[in-house]
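You will see two complexes here that share chain A, one where it goes with chain B and one where it goes with chain C.
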Partner chain A sequence: MSGPAVGGAARYAGTRVHRVEDTRLLTGTGTFADDVTRAGLLHAFFVRSPHARAAILSVDATEALALPGVIAVFTAADLNGDIREQWYTIDGPDIPDTPRPPLADGMVRYVGDPVALVVAEDRYIAEDAAELVMVDYDPLDPVVDYATARESEVLVHDAYPGNVAGEIPGAPFETLDEVCDGAAHVLTETIREQGQAAVPMEGRGLTAEWSGGELTLWSASQAPHEVRLFASRLLGVPEHKVRTITRDVGGGFGQKVVPQREEMCVLLAVRKVPGPLKWTEDRQENLLSAGQARHEHGDVRMAFADDGTMLATSIDHTDDVGSYPTPWPVGPGIAVGMMFPGPYRVAAGTFKHTSMFSNTVGRTAYRGPWAFETLARELCLDIAARRMGIDPAELRRRNILRRDEMPYSNPVGMPYDHMSPNETFEQALSILGYEEFRKEQAAARAEGRYLGVGISTYVEPTASAMPYYGSEGATIRVEPSGKINVYMAGGSTGNSLETTAVMLTADALGARIEDVSTIQGDTAVTPFGPGTGGSRSGPMIAGAVGETASILRERLLAIAAGKLEADVADVELSESSASVKGDPDASVTFAEIANLAYFQPAALPPGVPAGLEASARYAAQAMMLWANATHVCTCEVDTVTGAVKLLRYIVSEDCGPMINPNLVEGQIAGGVVQGIGGALMEHLAYDEDGNPVSTTFMDYMLPTSTEVPVIEYGHVETPGPNPGGYKGVGEGGAIGAPAAVANAVADALSPFGVTVTQLPLTPDAIVGLISSAGGAS
Partner chain B sequence: MKPTAFDYHAPASPEEAVSLLGSLGDGAKIIAGGQSLTPMLALRLAVFEHLVDIRRIESLRGVSRSNGTVRVGAGTTEAAVGRSDVVAADVPLLARATPFIGHLAIRNRGTIGGCVAHADAAAEYPAVALALDATIETLSPRGTRSIPAAEFFTGIWSTALEPDELITALEFGVWSGRTGFAVEEFAVRSGDFAIAGATVAVELSSSGSVDRCAIGLFGLGPTAVRATAAEESAAGTAVPDLNPDEIGQAALAGQDVPSDSHGSAAYRTRVGAAMVATAWRRAVKEASGE
Partner chain C sequence: MSDDIADVKVTVTVNGRPRRAAVPPRLTLADFLRERCQLTGTHLGCEHGVCGACSVLLDGEAVCACLMFAVQADGAEVTTVEGLSPGDGELSPVQAAFRDHHGLQCGFCTPGFVVSVTAFLRDNPDPSDDQIREALSGNLCRCTGYQGIFKAVRAAAESSSASATPSETR
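For the complex of A and B:
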């Protein structure tokens, strides 16, 4: 199915065009942060705290500095004072941001806290020297458990009483008492999710070069322009004297939306050392220090009428923001409460959000940072359905919003529109064959085999128009040869932004796709853009390309009309040529048009400027673009070992018309796999002393291809109120998956009377659930 | 994740290798496939001044059969063990354990000698060696030794090897008659170290009673272990009189089962018993010719 074109006849949009990035990536010729080499390059490595909480009594680098090849050892006293301004553009300078010193100053607050920065001639020497830096610690009791941190006498940061990083209440919970008191069924449950990490294939990385008052940065980032802006402010170097170059980035998932403390250290140190400075995060550092997510819980209340009609929902949500969350965690936390009513017709609702500090690694964004709302709601719906004796699918069917009910305001004020929860729900169940599965399940149970089906539906605000994310620019240049380059901010971390820009530009100009290329990620030549985040890139690229291409189309048509002696209205652009409608022989190629535009300006029609280059900027036309999806998962649980085998996994999604179904499905698949990992095995865990226990891939268990079934896709296309109608799809897979998997396990174990309220559902945990439920009924 | 500096040695013979070990002292370590040692070096969990790489020593590789035993050179890769017709025919338990070791890329480099020398409690080959009463042949500057598997694994990641001693081969007795062999392993993901695993070998008499049996456990103690009490209670009994689930329970009784983030001791014990029971059923079924 093809979507509406942006400014021209659709030819590529809607089709499964192969990715233009793939040739270099699949042949191993991509350029990632660690591939950057510079003459005289120096290497950075961090001395990190082995304690969850300790006072730093002294740091002695004498022995380290004596090691041949060591250039410098920096501590907080050397670097932290050089900061001019430290704030992220996404938040602005005026929010009540949480502390974020580059190096630990006086106190360490988690295991992995960077204490000193070693600079040496190579990485091996830097790591050797780091072992020689003598740090004298006075270990102190840590606050490891965020859930009890409010009662702790120990404070992670002295300025935050009760370890509360921030609280945002909605209407008081008591406002729902009346409707709950009168309801036939009221469910209260606490749902808990474990800490997880984004785990990009490529860790963080930054090479900085300070030369002649100019700073050049090669950064593994989702937002090259933000790296530039942030560095400019941090160091007091004017923005136009900073250049960030980002070619290929091996995954970000939110972890790379802004520079963190280690990157600040490299920026602050580079002017003090005699050469360019590189830091490449290794896997252990990434699992130790790049950030945690998803460690949170919610006290849920849901009221239902006798027939299962949802009357009210509320969630009292608390998350673990660790010691140094990045960026400010409190504001985004509100999204859990705002989205908690989900895709359902529910009249009353409220929420509260609390962010709690702990002596663990700081919270960072992770694909669908508010996804807990879906986990909590969808688990509770299944629990409620079982208690009411209603099939979980039927309970949802009675409450789910239909496309023809849009626009619809949820009870906490989210303005849903242009979406189709019921339609994806029915499509996903139909792909599965829900009734047939129930029969198969019954037959299996008769043989002592435990199959289950889990459903998860959600709605998702994408491509937000909030100030930082609300606009995107594109420059398009038809070169003198007629070849076309589109320049965009980029920030692709594997999410196919190059293919997207090339397809849309080819369509908008009537060019052959092989004539279009794109340059992204270099702030020296690309327009400002905030990078990837908030499932914004597809719709915003479409908008920006459309705005810019419309200027060039007009110019191409005017020059062609002059050359062909035709009326502009009779000229059309196709196959990198302009021709007169109905007269294919009357044609002029883009190369010929470009030749006129660049080299024979005097021959151009009156009023047409020389050259074929344009820049324009698209501003989002809606506060957000609403996407939605339903995930359905089936599984078999081995009740002896607790092993979960996923049988089928179905996603029916509505991200509007698809620019490229391959890319949409790839985004969904990646997110689903992360969600499966979160449901069943991933756990960024700490012991009770605050020691991390999952800093290698032996212990931080990611799902592999043998644990993931073939993912089946269904598509519903409800256009958004924006050019092309394209909506975002980057995060949804990760939002929907955990609840679908957990509900499938809960359904499989329903004969045992098991209630699932906590992830991960490891084999050990599943056996525990069965044992504590007391056996099959 | 960069190792400390080390000197690299590539001896051409086992004798040269142990001579190096002898002269270099405690700071030297044999590296074969490097599938465990390399990450430990990178994480600086292990620090050695000298690595003695035995991968180029041809005489340490290969599988041969003579006089009722199968000899597997210590440098034989796990993948080569898995491909060996001799192993498949005469030491089926070894062949059947092999696919559970990591992934193919790991088996292409990892060696049987390295696996046994590393002695991870959750690894498969030590449990096979124990179950089959394999002999571990070694060489040191003082000459050769033959160490029974039962005396080889002494504790967590520790063995009877001296610092200057190199494993040269493993020798397995060939079981004949009405025999059956099975390996069962439970891991969360394909290729992971076992949460619990069992190797079972049985030989039945013509009348259908258990002539001899061996049960090796892995992931269920500080080292791979034999479940000798369970074996003894099964020996001599007619197969129909034996309850595999009870054999599983008996095999786990009294074991020093570890707890970690992947599973508590109670959980591992439960799964271990189930692995033994399933492996027992399969081995007996094979021995019975069914």
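For the complex of A and C:
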């Protein structure tokens, strides 16, 4: 069954088309960042700080430079002064951005802070030389714990008193006092989430080539055009003299939305070395230096009427932005407070957000950067339900918003629309068989086995119309042979943007899918686009393809009508041909139309230009497209070992019509498993001296195939107010999963009187919870 | 330092083609394949033997190419992901199953999975679900949540055992 299309009839949209990316990736012939090689290529490797905080007294590169094959060793004095402008397009130049020097200048502020850049003929030599760079440090006391950093006498950055990177308050918390004082139940809890990392399987990487005033970049990036713009400003090289090429990228999940400090160093260094320069991040560097996420806590207050009606919600939210967050972390932090009321009918609410510096790795985006709102809210709802003696599903049922209540403004002003929270909620419970599970759970408990069910439900703003993300372009060429290429900015990092563009273009032009190809990721030939981020790509590709294809449809139809001597209104496009409706013999192929358009322009109908190429740009109309979902998870907890076995995992979502259900389910599954990792095992941890203790995959535990249950999907379809009605689906899985898993564990352990307020729920943590609660009641 | 130790001559048969090279003793097999043989399908995801992205077949056994030196492969036969497909854009049964069941997204871990699964199904053509999950646990994927990968292996096992029924299996 196919779904809607953006112009033309839907033949492919809504179907499980095989991906066009797969053949090259399956046969090992993709091109990832480290696969790029150039004549005379040089290799970069960073000397990094072993201290969380220290003064740099001196850097002596004499021995390193003496090593055969070493070309250069750069320090802050060599590179930092060359910066012309350093800001990200998503934020613009005028925000109060936090510091971000390419190389550490005078001070190191986290373990892993890049201090020097070694350039050598070979990666092995570069790493040897890095060990020979003698850095004299004066170690100083660090600020490791962001939660107490405000009281610390030590400052991460001297210009930021109290280590506060920024604060954004909503209405004062006192404005809720009256409601709370009159409420039957008021819950106050502090919810904490541990540090995590995005962990794309491919680390960051950049090859830069400087030639005759032109800069070419091969970048592992979610946003090739932003890499170009950023490099252009950083070096003062005009944008059109910079070309970024990104073919295959091994995952991003937010970590690759903008170039970071290491990429700045490569850009600044390449003009000073006698050849192209490649930096490939290894796994240790990735876990040390590519960025932290999720490390945050929230003081929550929720007020309920006697019957469980939610009266007010507030969250005082604080996150750890480390030493050099990228990009500016304070603005995005506000989203936690704005989304905290979630999919519920709540009359009153407020929030405050604070970003705190610490001597740890800088914060970067990670799939659903504001997802903490769902964790905090959904854990608190379960805690409140247990205290009020109401089943957690029933408490949600009494408060969850219905489609017929849309549009709805949440109490802090988010304008919900085109969503179906209660439908995904009921669908997910029905797929599980919630009541049956409760019986099974009771029977299991009678045998001394502890099963639990956890629910997590949320709404998610996707594909926003904010200036940087609010438009997308497409160029489509029907080539002289009649084959079609669609040129788009790209930024695909596994999220199948090539397949998406090909499917939508085939439908929009009435072409056979095998006649359509796509070129993405090369800024020399593709229209500007901000790349993958904010669950925007599906809806925005649909918009852009629709805009551009409509121009070409008109031309294809006009040329065909002229050739077939028919009225334009009687001609239709399908199967890469134009035919007269009801007369299949009166038909002309795209190849014949293209032949006319390119090689016989004089034969074209009056007013139809030669060639078959068009460019157009789609601008989002709605401020955001709202997706929603409910996750339901069941588990069994071994109360002796603390091991959690996930039994079933159900996601019912409403992302509007699906362009390709395989891709939708794939995005959900990947996000869910990242969330499962965050709930149970992943921890980007530091010791009390600020030493990272999880810089290998032996310490930073990722879920494997043995920990992951089969994920079951339910789909509810509320089209958005945009072409095709498609809504974003990239981040939701990761937003919903941590709370569903944690609530399932908490439910399993409810006979023990355990309250879960903190992740991760490692076996150790679970055994601790049980023993501190004093055993089963 | 590298210059103090002489290069060592090795001959490694890679995807059926003998490759002769003088290599530093510390050159990993993975870097030998990627840089000396220009076979960049073998990916490095951790370089400490956990993620499995660099899996290759060494005399038929799946190994992590990041944990071996090229000199240790002297005289051996190595099969990389590039050597598994029949060529000309065709896919092996395992590769086709990954495509058919959306068993890959970014594709970075994929060559390692394809190599590991190829060896696994050769040795265990009729695996149980738990055996499949266990076999996959030596490879990390961050995109798919293993859902499509599991389905792909299940399907590849079923199609290969079906096609293998009439004739003798190895």
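Before moving on, here are some points about what is shown:
Throughout what follows, the second predicted complex is superposed on the first by the 775 of 777 C-alpha atoms of A that agree within 3 Å, B and C clash if a C-alpha of one lies under 4 Å from a C-alpha of the other, contacts with A are read in each partner's own complex, and residues count from 1 in each chain.
The rule is short, and it goes like this: contacts are C-beta pairs under 8 Å (C-beta built on N, C-alpha and C of every residue); 3 or more make two chains touch, one makes a residue touch a chain.
A quick note: this is a predicted structure, and the numbers were derived from the prediction, not measured.
In the superposition on chain A, contact of A:Thr641 is made with chain B only, not with chain C. By the touch criterion defined above, A:Ala465 lies against neither chain B nor chain C after alignment on the C-alpha atoms of chain A. In the superposed model, A:Val708 makes contact with chain C only, not with chain B. Of the two partner chains placed by the overlay, neither chain B nor chain C lies in contact with A:Met406. In the superposition on chain A, A:Ala669 makes contact with chain C only, not with chain B.
Contact with both chain B and chain C is seen for A:Asp128 once the two complexes are overlaid on the shared chain.
Comparing chain B with chain C, the partner in contact with more residues of chain A is C.
Once the two complexes are overlaid on the shared chain, A:His683 sits against chain B while remaining clear of chain C.
In the overlay built on the shared chain, the residue A:Asp282 is in contact with chain B and with chain C. Judged by the touch definition given at the top, the superposed model places A:Ala305 against neither chain B nor chain C.
Shared contact residues of chain A with chain B and chain C: 124, 128, 282-283, 696, 698, 703-704, 706. In the complex of the two chains, the chain A residues touching chain C come out as 16, 18-19, 21-32, 34-35, 67-68, 124-125, 128, 199-202, 248-251, 253, 282-283, 493-496, 662-663, 665-666, 669-674, 696-698, 702-706, 708, 710-711, 733. Taken together, the chain B residues at the contact with chain A in this complex read 1-5, 39, 43-44, 186, 188-193, 195, 261-264, 267, 270-271, 274. Contact residues of chain A toward chain B in the complex are 123-124, 127-128, 131, 282-284, 640-643, 680-681, 683, 685, 693-694, 696, 698-699, 701, 703-704, 706-707, 762-764, 767-768.
Per the touch definition, chain C reaches chain A in the complex via residues 1-3, 24, 26-27, 34, 39-48, 50-51, 53, 80-82, 84-85, 89, 91, 95, 98-100, 102, 104-111, 114, 132-134, 136-137, 140-150.
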